[in-house]
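One chain, chain A, links the two complexes that follow: it is found with chain B in the first and with chain C in the second.
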Partner chain A sequence: MRVKERKVVRMDKLTLVVEGVWATTWKDGMERGEETRVRAIVHWAGEKAWSVSCITDEGTLSPYASGELARQYGSAMADRHARQFLRWLGLCFKDDACSLFNSLDSAYLFNPEYRQRPSAIDTCWRLARVGVIASTLAIVFNQLRAAVCKSFVFEAQNYKRYAPLGIFAIVGECLRNFANAGGKELDLAAAFVELAEQRLKEVSADGVSVR
Partner chain B sequence: MLHKGPTVYRRIVFPTAALEARARWKAVNGKAGKTMLRVRVYYLDDQRVREYPPALFRYSSDPLNALLFSRQAAIEEAMQEAIEATDAYLIWLALALQDESALLFDGMTHFFKFDPCLPFATSMLYGAERLGEWAFLLQVGCALAESEIYRHFAEDARKRVKELGAFLQDWAYRPGERVAEVVVFKDADRQFAIKDAREVVRVLP
Partner chain C sequence: MEYPFAEKCLKFGNLTIIVRAQWHRWPNCEPPSGTTELSVTLMHDRIEGRIVRTAPFRKTDWPLRGLEHEIPRYAKAEAERAVNVFLHWLGLAMTGDMWGLFMELDDLYRFRPVEGLRELTVLDFLSGLRDAGRIAEPLFVTFTHLLCAIHEWRFQNNSEIDATTMRVRLGEWLLAFAEERDKRFADFTPKEVNADA
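Here is the complex of A and B:
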């Protein structure tokens, strides 16, 4: 069984599709395990789309292994991992290394300090997994950042207006809000303008930056 | 111009498998170079070899700078880089085998700058990416050592794994040697033994 959940983020010439895929894995002709994968499809207008992916979770098959219940479970898992990935992407934009580290740690428990007697082989395995996710995250982050830099936001007059608010921090917040709301499609440019204008109003109301 | 330095090999030979870590400095362009670590597992029983994806140790321009003095100095510098890469692998493998997870984690996160206090999330991500590559190679080494010891020295296997870790920690620093080997074997009394390959008396058939 294979279930997909797609989240689409559009920014100017870039369409980024973050796809959570939950699937059962087969061995010796039997469904024995399950894995969740996050796949990011990068599509620049006029160019061929390409993708990167990483396994974010795998394990033995859950007890809901067949039928409609399994489909619902798979869909929830796929959705959860796609949203988590977008949230991490948001933290990258906000340059919040500390929260990103802690969030990755609470997902993969790689820091041995907070666990009881972890074996080293287990720690290595967890670090290796985080490395693969970090690599995927870095690729997607660079593409989206390039799209933001090429967009209208960086045109002289817009830049002058929005730069004091922290452009990338606002982009990060838009991504986080989208991930938390659980929507399917985000027009990042529109969401950015909306949030930035709201911030500007808040700033001009009390004369103090709320960042 | 120096394109590549000499390859440095470190091997751990078990009764039915061998783990090989090899590193080499290579010029990337005229101004810098990088040292990569590669890990291979030789399955001696069925004559199979498996090589894992390489991992970056670090970028260094020292060998190119040494070219100002002489070519020999540059080669020595390149070899030093490769030796440091294999040393790091063996030291971390030793810590992993001794289940020193906290020391291993601290050492690796410090070296690869996988640090939550960094000002930019991207620097942390790149650190995590490189650390992940190394962690995978360490996992391979650790899994092989444990499975070989559990298979051939089942009695007190956990203790034997730690003994190997402690031995490697002392043995890892090998100044100036291009090829070095450790042999894990059953001695004349069929007991667990670890020795530097040069100290093993080979009994010819």
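Here is the complex of A and C:
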């Protein structure tokens, strides 16, 4: 069985699809385990789409072995991992390495600090896994950042207006809000303008000039 | 141009492990820079196939500008260092010193942001974590094969020696082997079979 959940983020000429894929794995002709993978499809307008992916979770088969319940479970897992990936992407835009480290660590427990008797097998395996996720995250982050830099946001007039708010931090917040809301499609440009204008109003209400 | 590689080989029971490293210069790169690549080959007696895991150890990020004649010497030293460091990490994993291993990986790959002390950008953090993850993979594979070799040896020899004791002892031997610069091969298969001996 294989279930997919897609989240689409559009920014200027870039369409980024973050796809959570939950699938059962087979060995010796039997369904024995399950695996969740996040695949990011990068599509620049007029160019061929390409993708990067990483395994975010795997284990023994859940008790909901087959049927509708398994499909629902798989869909929830795929959705959860796609949203988590978007949240991490949001932290990347906020340039918050500490929070990203802590969030990855609470998901994959690769830091042996504060853990009682961490085993070598566990730590090495978790570190190897989280390394692949970090690599995928860095690639996707760079692409989306390039799209933001090429967009209207960085045109002189808009840049002057939004730069004091922290452009990338606002993009990060949009991604986080999108992930938390559980939507399917995000027009990042529109969400950015909405949030930035809201922030500008808040700041003006405080009587602080933002020029 | 191929630069000299460094290699160390160890044996435990039916398992032979070859750790090999070589520095590769990036083509057309000025000032000269490169990557040290590490590969681990695992071979079991009686099994024809071999398992090979490769990972970049680290990049040369300081310039070797104007030191063309020094590059082969640098490449050799760097390759030797990679082999010894990998064996040292394997030793730390075997002795169960995970905090020590984690800190050494962090020293080299700098992936742990420390507030006020080491403020990393997200990209630095992610690339450091990616590099640490890449080297953790061959470490994990080698470690699991060594554990299997320990159990296999115990069953074959009806040994009474506890597997954990044996693992820690092997870790200590590996740490010592990593320190020995000139020794290229070591057979760690225990000669004594029972615990009293």
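We adopt the following convention: the second predicted complex is superposed on the first by the 207 of 211 C-alpha atoms of A that agree within 3 Å, B and C clash if a C-alpha of one lies under 4 Å from a C-alpha of the other, contacts with A are read in each partner's own complex, and residues count from 1 in each chain.
Basically, a residue touches a chain if its C-beta (ideal position, glycine included) is under 8 Å from a C-beta of that chain, and two chains touch if they have at least 3 such contacts.
Here the structure is a predicted model, which means the values were calculated and not measured.
In this superposed model built on chain A, chain B and chain C take up the same space, so to speak, and clash.
After overlaying the two complexes on the shared chain, residue contacts for A:L100 are found with chain B and with chain C alike. In the superposition on chain A, A:L137 makes contact with both chain B and chain C.
Look at A:C124: by the touch rule set out above, it reaches both chain B and chain C. Once the two complexes are laid over each other on the shared chain, residue contacts for A:L91 go to chain B and to chain C alike.
When the shared chain is aligned, no partner comes close enough to touch A:C149: not chain B, not chain C. When both complexes are aligned on chain A by C-alpha atoms, chain A residues 91-92, 95-98, 100-101, 104, 111-113, 118-121, 123-125, 127-132, 134-135, 137-138, 141-142 touch chain B in the first and chain C in the second. Contacts from chain C toward chain A in the complex involve residues 93-94, 96, 98-99, 101-102, 105, 111-113, 115, 119-127, 129-134, 136-137, 139-140, 143-144, 147. Residue ranges on chain A touching chain B, taken from their complex, read 91-98, 100-102, 104, 110-113, 118-121, 123-135, 137-138, 141-142. Considering their complex, residues 95-102, 104-105, 108, 114-126, 128-133, 135-136, 138-139, 142-143, 146 of chain B touch chain A.
Of all the residues in chain A, the ones that touch chain C in their complex are 91-92, 95-98, 100-101, 104, 111-113, 117-121, 123-125, 127-132, 134-135, 137-138, 141-142.
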